[in-house]
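Here's the structure, in C-alpha cells; my notes come after.
Chain IDs A, B, C and D follow the sequence of writing; residue 1 opens each chain.
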Amino acid sequence: MSAPVSETATQALQEDTPVEKPPRGTPWWANQRIGLLLLVVLLGALFGVLRPAFFNQQLVIFPLLRDIAMFTVVGLAQLCVLSIGHMNLAVGRMAAFSMMITGISYDLWHFTLYSGLLVGLVAGTAIGALAGWVIARTGVNSFVVTLALDFLLLGMIPLVYTSLTDNAAFVTKPPGMRELRNYSLADVCVGNVCGSPAVPQLAIFAIVAMVVVGWIYSRTRLGRELLMTGSPVRAAELSGIPTARRVITAHAMSGCLAALAGFMLAVSTGSIKATIGEEFMLPSFLGPILGGTLLAGGFVSIWGTLIGTALTSVIRKGLDLLGVGLESLNIYLGLILLLALSTDRVRTVLSERQEVRRQ
Amino acid sequence: DSTSGAAPKDDASSGASSGPVTLKDGSKVKLALIPGGAHPYFQPWKTVAAVDKVDFRLADATFNETGEWDQGKQNNVINSLAAQGYNAFGIFGVSPTDINSTFEDLKAKGFAVGSLASCPAGDTNAADFCLSTDVEAAAYKAAKATIEAIGGEGTIVHLTGNNVDSNTQRRIAGVKKAIAETNGKVTELPVITDIDKDLSTAQKAVADLLASKGKEIKGIVTTAYNPAVAAADGVASSKLPIKVVAIDDDAKILAGIKSGGVAATVTQNPAGQAYIGGWLLALLQSKQCTMKTPGVIVDSGSFVVTKANVDTYDEERKAKTKALQPEFEKQLSCQ
Amino acid sequence: MKRFARSTEMTLLVIGIVFFIGLVIASGGDLLAANSLRVLLQFLAVPILIGLAQMVVLAVGQLNLAVGAIGGFAAAAMGVLMADHGVPVPLALLIGFLLAGVVGLLNGVLVVLTRINGFIVTLATMTILLGVQYRLVGTRTVDAYPQGLKTFGSAALFGVIPWIFVVALIVAGLLAVMLKRTVPGRQLLASGGNPIAARLSGISNDRSVIVAHALSGAILGVAAILTVASSPGVNKSIGGDWLLPSFAAPIIGGALLTGGSAVVLGTVLAAFIVRFVDTARAEFSLEPSWVNFVVGAVVLGSVVLGQVRTRRQDRRSVVKSPDAAVAGGVS
Amino acid sequence: MTLFEASEIVKVFPGVRALDGVTLSLEAGSVHALLGENGAGKSTLIKVVTGLYRPDGGRLLLDGREVSFGSPHESAAAGIGVVHQERNLIPGFTVGENILLQKLPTNRGLVDRSAIRSEAARWLAELELDIDPDQPVTELSVAQAQLVEIAKALSVESRVLLLDEPTASITPNEAALLFRVVEKLKDDGRAVLFVSHKLEEVFQICDTVTVLRDGASVLSGGALSELTRDQVVDLMVGRVHEALNLPDRTVDTTVAPILELRGVGTATGHAEVDLTVGPGEIVGLYGLVGAGRSELAKALLGLDRITAGEVLVRGQAVKIRTVRDALRNHKIGYVTENRKEEGIFLEQSVARNIAVTIWDRLRKLLGYVPAKSETEIVSSYVEQLGIRIASPSQHAGTLSGGNQQKVSLAKWLAAQTEILIIDEPTVGIDVRTKDAFHTLIWDLAANGLAILLITSDLPEMITLADRVVVMRDHRIQGELPNTHDYDQMSQQVIRLIHAEGTTAA
C-alpha cells in the first residue's frame, strides 16, 4: 500500500485541532432494540400470568414462533429495500407471484418440495429484479413503481389461477410439506440430543435468512454498498458504487425473501393460492421499523426486525388468548404500537436531556 | 334479527328429549364456533352458541370471529382457543383449499372438528363431518329463481365475490348449470367477480353495469352479500325493470323483498348449522358417538324466499333443521 | 400558459379526452346518455376527494395510510348516529365531519409530538379506527336514515351532474385556492418543498404537518358524508378500498412524494382517468382483474413520462428539493 | 449607535458547548465581521440571534431593550434579516414568493400576487438584479439564487442584516456587486454582520470584527483598521500562524500526459475542449460559477455522455462508462465540490466513508470483506490526513466541514488513484485547514499524482497550479503558465474570461 502523503503534509494537517467527539453514546436504556426486547418479555410475562395457557408449547408457543419466523422473513424482505432508502409495496404480491410459479411446478411439472421452493425463489428474485430495473432505469420513486407493480400482479395472478386450476388454488402437496408444517426441532436430533418441541422446523428458514442477510449486511462488500446506496445515492454513485446494479440487487433480494415468506405461509396454512401474501404489507414495515431500521436507508437491524416482529405477534397472540373481540383487538393493537413507539421517543429525549445536563 | 334465534329453541326441546340420540354428558365439552371473519351470515351463530351451551349442558361454548378473513389468523385463533381448553370446533374455513390442513392438525390433537357452512375444496374432508349449504345448489336455486322471475327468457348477469375462492367457482358453476338447462333461452353476461370487498365497490360495479348494459339485462343474480345489497339498491334507483335475486336474509334484503325491490333471495341455514353442528360435536367429543364414515357431507339446506313466503320461510327452515338430526343419526354409531 | 402546456395536467387532459372519446365511440354513443353520464360522475365524487386527501399530506412530504379508516369511521359514526340514536341529519353529518377532522388533526399532532414517522403513525391510527368502525356498526348495514339525505345523494343537476360530484368539485376548488392563494397553504407547501428553508424563514414545519393532516381528515369527512348520502347503507366495509386509489390519483396527477407539490387539478383529472378505466371494464365486460392491470400500467406509464419530463427541466436548475425520504417528512 | 447587542450567549448541544459566553455588538452604519474557524460557532450564534435556537444563557438587546425571539418570524418582524449558510429557497415557488415568504402580502385573506410582484421587484431592483419575480427559483443559477436570498433578507425591512458566508459560492464579480449593496446598506444606517472565510473580503468591506474560537469570543468588536491579517488569523487559530510557504516542486514536462482531452464535446454542452494533465502536475481549471467545469469532470467520470472528440488516459483512447470503471480501470478519482450531497455519507461512519472505494479491492470469496484489512487502511489514512476523530465508527455528519472534506479526499487516496480531479476543495473552510489542504495537494502532486484542480478561488489557484486553464460557457478560453504573481495573474485570467473570439456565442 503506497502512501502518497508525505510527512510534511501529514504534519500540516495534524496541527493541533481538537479531536471532534461524537455526541456521547446513548445510554443502554435508550437503545431501541433493548427497550423493545424488554417490552416483548414484559408483555409475554404479563400474558402468561393472566392466561397460563400462553406458555402452552404445542398450541401457543409453536404456532407463535412459526408466525414470528414467517413475518421476520417478510420483514427482512422489506428491510433489503429499506436499506437503500426504497420501499417495496408489492412484497405480498411478489410472494403470491413466486408461489404461483412454485404451485405450477408442483401441479403441472411434479417437482419435489425443495426444487419447487427453488423455482419460487428464482421467480421472486426475478420479479424483484424487474422492479429494481424499472426503478434504476427510470429513476421513478420505488414507492410508485412497486405500487404499480402491485396493481399489475393483482390483476394478473387471479387470471392465471382461474385459467389453470379448478379451485383457484394449487392443491398438490409434494411429500414433506405436511411434515414441514408440523415438525418441530424435537424431530431434529443429533445423537440423543433433540431440539425443543416448541420450536417449529420452519423457523430454520427464518434463521437461515437472518444469518444470510445479516452476513451480507455486516461482512460483505455488497451489504456495505447497499447501505451506502441509500444515503445519499449521488454520493454513492460518485464513490464508484454501481448504484443501478445495487438498486436491482436490493429489490431482487427483497423478491427472493418475499418468495421464501410466501413459501412458509403456504406450508403453514396448507395450499398455494392467489391470496398468499395479501397480509404481508403492513407487517413487512412494522418489524423492521419497530426494530430501528431507517425508512430513509443507510441503517438496518436484523435483530431489531426479529424483535419488532415478535412484539406485534406476541401482542396479537396475547389479545387472542385474553379473548379480546375483533372490535377491540385492533384498537388495542394500534394503541400498543403507538405506545411502544412513543416510549422509544421519550427515551431518546430523556437521554439527550441528560447529556446536555451533564455538560 | 328475528329469524335466527327462534328456530333452534324449538328444536332444542325436541332434539334433547324426543330424539333417539341424546347427549348424555356435555360437561367436558367446550365448544368453539369459528366463522371466517365478521360477516352478517354468521351472526346467528353467536346466539346459537349460547343456546347450545344451555341446551346440551356444555362446559362452555364460544363464538370467535377475530380471524379477519385470513387463514393464518384463523389458525391462530383456533390454536389459542385450543390452548384455553376448547376441544370441539365448528369451523368455517377461510380458505377452502387450506382448511383441511387445519382440520388434520386438530384431529391429530384429538379434538372433534366440524366443517360448518362451507366444505373443504376437493374431494376430501378431513373434519369429522361437513354441515353446510351446498353452495353450488344454492347458486343453482338462485339462478333458477331469477330465470323464473324474468319469465324464462332473456339475459341475466351473475355478481359474486372473490374470484380466487373455490366457493365462488362453485357458485359460478351452479349458475351456469341453471342457465344451460334453459337451452339457450337465457343467456348470461360475463360474471362480475371480486366486488364483495366493500359496499362502494359493489355499488359502483352495479351502477356501471346498469349504465352500460342496463337495457339488455333482465335479471341479476347475486351470490355475495355486498353485491346483493348494491344490486337491490341500484336497480331500485335506476327504475329499470330488472329482477334481482339476492343471497341470505339480512334485514336489509328482507326489507327489499317486502318492498318488491328484490324478487327473491336464497337463504341458508346458519342457525341450523350452528345448532346441529354443536350437538354433533358434543356427541363426538364426549366420545358418546363416532362417525360411521368420517368426513361425511350433509346439506344444511337453502331456501328460496319470495314476497309470497317471506313471512313463513323460517318455518320451512326450522323443519329442515329438525330433519337434519335424524339424517345425521344414521351416520352415527353410538354407545 | 406555456408552462401549462408542458405540464402533467395538460398531458392528463389530453389522455382523458382521447380516452373518453374512445369510450363514447365504443358504446355507440350510449355513454352520452344522461343516465350514463350521471353514473360516470356519481362515482367520481368520492375518488376525487380521497385523492385530494392523500395529496394534501403528500404535499408536506407525509403519507396518510388511514384515509380509508378515517372515512369509514366517520361514515359509520354518521350512520349510527342517525339510524340508532335519531340524531337529526345535519347534526349527525356535522359530528361525523368533525370527527374525521379531529382524527386527522390527531394524526398530525402525534407525528409532531412523537417524531415517529407519519407512515407508522397513520398505520397505527388506521388499525385503531378499523376497530372502532367495527365496534360502531358490527356486521350490519345501517341504512335507516332519513330519505332526504339519500335523495340528495342521488339527485343530479339537470339530471346529469350529481350534486355529490358538485360538492367534490367545490372542495377541490377550495383546496386549490387554499394551497395556491392563502398564507397557511403557501406555508404548507413551503414546508413540503424545503423544510429547512421553511424553518429558517420562520415557518413552523410542525404546524404545516398538523394542518395538512387535519385538512386531510376534513376532506375525508366530506367524502364520508357523500358516501353516506349516496350508498345503499353504511357498513364496516366502507373505506376498505380507498387506500390504493388515494395514492394512484395524486401520483398520476404529478404529485412528488418528497413534498412541495400541489396538484389539485392533476388529482382530479387522474381520478377521471381511473374512472374511465372502470367504465371501460363495464363496457367491454372485462374481468375486474383487468382494471388493476390497466391502472398499474397507467400509473407506471404516467410516472415514467413525468420523470423524463422533470429530468429534462431539472438539467439546468439549481434549487433542488432536499433528499427527503419518501415517507419521512418531519421525523 | 449600538443597534443590536448579544452578551454572554451560551448554547449547548448534546455533546458540544457550541457557544460559551459570546458577546457581540452591531453598530448602525457599520459592517461587522464575525470570524472563526470551522465549528467555532458563527452559524450557531446567528441562529440564536434569529430565534431558531433558544440560548441557554445570555441576553439579546435590540435598541437597548432586551428581546427574546421564539422563532425566526419574530426576529424578522423586529427587523433582523438573515442569509443563512444553508440553501434557503423553496423549489416550486417563484422568486417573488421566496423573497417575501416571511410575510406574504395578502388582500382580503388571499395572497396578493400583484403585490408580491411589485414588492419583490423593488428589492430585486435595489440589488440591481435583472430577475423576473415570476420566474420559478428552480430556473436560477447558483449566484442568482444567492442574491435572491439577500433580497429576501432585505425584504423584512431589516435594520440588522446577518450574512452567513454569502460569498462562498459566488464569483468575485458577483461578490463585488454584493459588496456595493452592503456599502449602500451601511450608508443607509443599517448594521451588517458579515461571516466569511475569505479574509481579503473581510478587510475590504468590514469595519469592526469579532473573532470566535471554540464557542467563545476572543476578540469582541475590534477595529479592523488597527489589525493586520496575521493578527486576525492568530486570534482565530489561537497561536501564531505562519504563512503558508510551499516547498519547491518541479514538474517534468517531458513526460507524456497521463490524461488528455482532444476536442471533447459533451451532452451537457461542452465543445472542443482540449486539456492535458501530466503526472506530478497540478492543472488549475478556472472559470466563473456555471462555466461547466464540474460538468466536464462528471463527463470524464462517465456520468454524462461524451459526444465528440476523444479522451486519452496514459496515451490510450478510452471510453469511461461509470465511476467504478474510471476508478478501477483508469485510476481516476473525483473529489466533489458538493460535499454534503455527493462527497460524504453523513449518516455513515468515517470508516465506511473512506473504505467505500476499496471494498472492491479487498473483497474475498463471496464478497467477504475482512474487517481487519479494512480498518488498517482506514486508520492509516485517518492518521496521514490528520482526521481528528474519536473513533472511525463516528458518523461523518458529526464532523466539521474541514474534517469532512478530508474524509471525502481520503477515499480517493485509499483507492490509490493516479489522476485526481479536485473540485472546489476549500469552499467554506477556515484558513488553517485551508493551508493544510494546500500543502496536501501540493504534496500529492510531488508524489506523482496528476491533479486537475477546479477552483473559483483565485489565490488558491495561484498558490497551487502549475498551469491555469480558463473555461467559460463550456469552452476553453485559453491557458496560462502560473507566474505566482497575484496581480498579474488575476489580470490575465480576467482578461481571458472576457476575451471574445474563442467563444462561439
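One rule holds for everything that comes next: a residue touches a chain if its C-beta (ideal position, glycine included) is under 8 Å from a C-beta of that chain, and two chains touch if they have at least 3 such contacts.
Quantities reported herein were computed from a predicted structural model and do not represent experimental measurements.
> Which chain pair shares more contacting C-beta pairs: A-C, or B-C?
Result of the comparison of A-C and B-C: A-C.
> Using each chain's Cα centroid, which is most distant from the centroid of subunit D?
B
> Compute the distance, rounded to whole Å, between the mean C-alpha positions of subunit A and subunit C.
30
> How many angstrom lie between the centres of subunit B and subunit C, each centre taken as the mean Cα position?
37
> Between subunit A and subunit B, what is the separation of their C-alpha centroids in Å?
Roughly 38 Å, centre to centre.
> Which subunit C residues touch at least two other chains?
Those would be 134, 138, 287, 289, 323.
> For subunit A, give me the residues that contact two or more of the other chains.
Only 158, 232, 296, 326, 329 qualify.
> Quick check: what residues of subunit D touch more than one other chain, meaning two or more?
341, in rising order.
> Chain pairs in touch?
The list of touching pairs comes to A-B, A-C, A-D, B-C, C-D.
> Help me check something: in the complex, which residues belonging to subunit B touch subunit C?
Within the complex, subunit B contacts subunit C at residues 38-40, 42-43, 163, 189-190, 192-195, 197-201, 203-205, 207-214, 226, 229-230, 232-234, 237-238, 250-252.
> What residues on subunit A touch subunit C, complex-wise?
Contacts found on subunit A: 85, 87, 134, 138-145, 147-156, 158-159, 232-233, 282, 285-286, 289, 295-297, 326-335, 337-338, 341-342, 344-345.
> Of all residues in subunit D, which touch subunit A in the complex?
Those residues of subunit D that touch subunit A are 12-17, 39, 214, 247, 301, 303, 322-324, 326-328, 334, 336, 338, 341-348, 352, 355-357, 359-360, 362-363, 366-369, 371, 377, 380, 383-386, 388-391, 394-395, 398-400, 402-403, 406, 411, 413, 415-416, 432-433, 435-437, 439-440, 442-444, 446-449.
> Which residues of subunit A touch subunit B in their complex?
51, 53-54, 56, 58-60, 63, 67, 157-158, 161-162, 166-169, 171, 178, 181-182, 265, 268-271, 273-275, 278-279, 316-317, 320-321, 323-326, 329
> Which residues of subunit D touch subunit C in the complex?
Result: residues 51-52, 71-76, 82, 84, 86-93, 97, 101-102, 104, 106, 109-111, 137-142, 144-145, 152, 268, 341 of subunit D touch subunit C.
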